[in-house]
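The same subunit A turns up in both complexes below, where it pairs with subunit B and then with subunit C.
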Partner chain A sequence: MSLHCENIVKTYSGKDVLDKVTLDIQTGKIYGLIGRNGAGKTTLLSILAAQNPASSGSVTLDGQRVWENRKSLEKICFSRELNANAESGLAAMKAKEYLRIAATYYEGWDKPLEERLVKLFDLNVKKKLGKLSKGMLSMVTIIVALCSKAAYTFLDEPVAGLDVVAREQFYKLLLEEYSSSGRTFIISTHIIEEAADVLEDVIILHEGRVLIETDTQAFVDSAVHVSGKAEEVDAAVSGLEVHHPETVGRSKGVTVFLKPGQKVNESRDVSVQPVSLQRAFVALCGEEEGKS
Partner chain B sequence: MKRNLKFWTRYTWESMAVDLSFMAVLAVVTLFSAEGLDLGMFASIMPYYLCIAATFGMLIINTGSQSLYVPLLLSMGETRRNVLLGFHYYRTLIISVTLALCALIWLLIPGEVSSAGLRSIPTILCVLVASSSMGSILGTLFTKWKWLATVIIIILCGGAGGAVGFMGVAASDSRVITETLEMAAHLEALPWWLALTAVAALALDVAFQWMLLRRQEVKL
Partner chain C sequence: MNERLTEQKSIYLQISEMIETDILREILLEEEQVPSTNELAKLYTINPATAAKGVGLLVDEGILYKRRGIGMFVANGAREKILAKRKAAFAENHVAPLLAEARSLGISKEELLTMIGERNV
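Take a look at the complex of A and B:
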């Protein structure tokens, strides 16, 4: 079983927000969808879940078109980030009403899990969504995502506004659900460092294009930070894919992405250090002009 | 589709409760203002109040349905086709229940007013269909062109306020029942333009709704 999108293009006011995005989402994995603000993450998830139409391209699940296909849509849950401000009609809806509607529409809704999570998060479901804090709204979206039991579940910034304890709880619950059900999760997040340990694969979206779609560990392992005297660094990384150069006086630091078989020239007087997922992401998407 | 019907059926009863509450308010106003009230007569005019409540109720509720519930259901994985069908199922159900309640009351309380009421059902049906479609079109407009819908809503609210004010004046004159009956007398004959308006509003609503629904983007 796999969710596949082919050449997805989404245009708003003549600008391509997504530009020929092709992805193959395999079952039983936790994907991290990372990218800068405006990279097109939410738009991509919306199109994968048929919540927004694409300008062109197609999304299929097991070879069947997802758009207007109830059977395919039953296997997908995109629990959107809720924006229950005063202008939104959602503001007047109680959290329990929102959860009730979700329970009506998701075939495999897990009511006991819903009750457990409401208790765990200490969520007052009698409150209107407009009266809930950002963190509490995130809890509502997490409950919908986990209780839907959809084979493909997408979460958009699920930990936004959550305190550190609630974030820990979320990652624990996610892993618990993942290991017991084998569901596929795509998590769009800006808090990369915390999520890095749970993301099996990473998809990096930059300016509407997929830059990287690979195993998280392999991606992190392929990146190193090289620092030392500027001329030594330049000599050590000559011919390699260099990103994000930082110069302080005569010292220089760069992040290098190594292709299989490539190595930093360690005969030079440089320090080579591993980098984190966040550091690798910043190097890749932070400063385009730094690439050489 | 089963889950979709379950949602819209529940939504119908919730909307019906709003309509009945509005009807109850009008009934209380009548009870406290009319002198020498004939209970049979009072009961016979209740269906008219229910229709007034349903007309305004659908105008307001349908606006909310389009701007809130349609994107919400799409976000829960429902297809656009099913959302459209579900909404029209709800609309049919609420109009049917309103008319059935009116007919039942008029059948249970025979008399001149009730006979006139039964003869008014085709006209009332057209009014309900037209107002329901208008509410739905407004809701669709609201999701796409908020400012335009806001202007229309302000005009309609002004109209509704005027109508309520008129009823208030009638009530204070203790002539509320007479006024209601006078208005009801005009409903017995179905004007061709009203029937045409209802059909046109319904057709416009379905076409417009489907046209926008196909391209609608979920924003919650």
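Take a look at the complex of A and C:
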């Protein structure tokens, strides 16, 4: 099984939000979708889940187009960030009713898991969505995602508004569900460092384009921070892909992305340090003018 | 097994080193079962594939072995093997950085040896 999208373009009022996105989502992996605000993450997930039409391009599940295809859509769950303001019409709905609707939609709904999670999160399901805090709304979206049992499950900012204990609980629950079911998850998040070790693959979306789609560890291992006297640093990284240079007086630091077989010239008097996924992401997407 | 993960090293290497350290300290005994990759994944909140990679490394080195359908076990002689490996790497991992720091501080070899002599191993 695989979920595939090919050359997805999405244009909103003349502006390309997604620009020829092609991805092959393999079964049984946890993907992280990271990108800055406005990079197109939510748009991409909603198109993959056929909740939003692409301007052009196609999304297929096992070769079948997913758009208006009930059979494919039963295997896909996109648990959106809930925005229970008055206009959305959700504000007056009780959390309990929202979960009941989700349960009718997904054939494989796991009712015992729903009950366990409601208890674990201490969620008052009799409350109206409009009365829930941001963190509690995130809990509702997490419950929908995990209990749907959908083969492909997308979570958009699932940990937004959750406290650090609840975030850790979420990642443990996700791993538990993933280990026991082998479902495929795509998770978008801005809290990159906490998620980094959970994500097998990382997709970096930048200004509507996929910059990186690779094994998270391989991506992190390919990036190093090189620092020292400016001339020494320049000599050590000459010919390499350099991002995000920062200088203070005579001292300079850069982030380098190494291609297979490349190495920093360590005969120079420089420090070479590993970087985290978050630092690598910032180096790649954080400073356009920093590219050289 | 309850050390914390750091950002300074690949996670799978840290997983294999933690298992090794537990074997050295006899927290894990030879012929005893080690936690499954799913258990490790949940404990450290890491992807099971990463945990599997760390465990796989130790299988390749003959420190752990697989019993089909049951799980991973500490091999006979694993402790000796780890000791030998860590001793072989001791000069590179610990003595070399010590000498580098001594050099940049202008500490002579004699001073360094005196400092070591004054301490109990």
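To be clear about the criterion, the second predicted complex is superposed on the first by the 292 of 292 C-alpha atoms of A that agree within 3 Å, B and C clash if a C-alpha of one lies under 4 Å from a C-alpha of the other, contacts with A are read in each partner's own complex, and residues count from 1 in each chain.
By our rule, a contact is a pair of C-beta atoms (placed from the backbone, for glycine too) under 8 Å apart; a residue touches a chain by one contact, two chains touch by 3 or more.
The model shown is predicted, which means the values in this text are computed figures rather than measured ones.
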| item | value |
| --- | --- |
| Simultaneous placement of subunit C and subunit B on subunit A, clash or fit | fit |
| Touched partner set for A:V272, first subunit B, second subunit C, both or neither | neither |
| Subunit B versus subunit C as contact partner of A:E200, first or second or both or neither | second |
| More subunit A residues in contact - subunit B or subunit C | B |
| First (subunit B), second (subunit C), both or neither touched by A:E68 | first |
| Which superposed partner A:Q217 touches (first subunit B, second subunit C, both, neither) | second |
| Partner chain in contact with A:S46 - subunit B first, subunit C second, else both or neither | first |
| Which of subunit B and subunit C A:E107 touches, first, second, both or neither | first |
| Contacts of A:E176 with subunit B and subunit C, given as first, second, both or neither | second |
| Overlay on shared chain A, then closest C-alpha pair between subunit B and subunit C (Å) | 28 |
| Shared subunit A surface residues [contacts with subunit B and with subunit C] | none |
| Subunit B-touching residues of subunit A, taken from the complex the two chains share | 46, 49-53, 68-70, 73-74, 76-78, 80, 82-83, 88-90, 93, 101-102, 104-107, 150 |
| Touching residues (chain side subunit A, partner subunit C) in the complex | 30, 168, 171-172, 175-176, 178-179, 197-200, 216-217, 220-221, 273-274, 276 |
| In the complex with subunit A, residue positions of subunit C that touch it | 5, 7-12, 38, 41-42, 44-50, 53 |
| Residues of subunit B that touch subunit A when the two form their complex | 1, 3-4, 6-7, 64, 67-68, 72-82, 214-215, 217-220 |
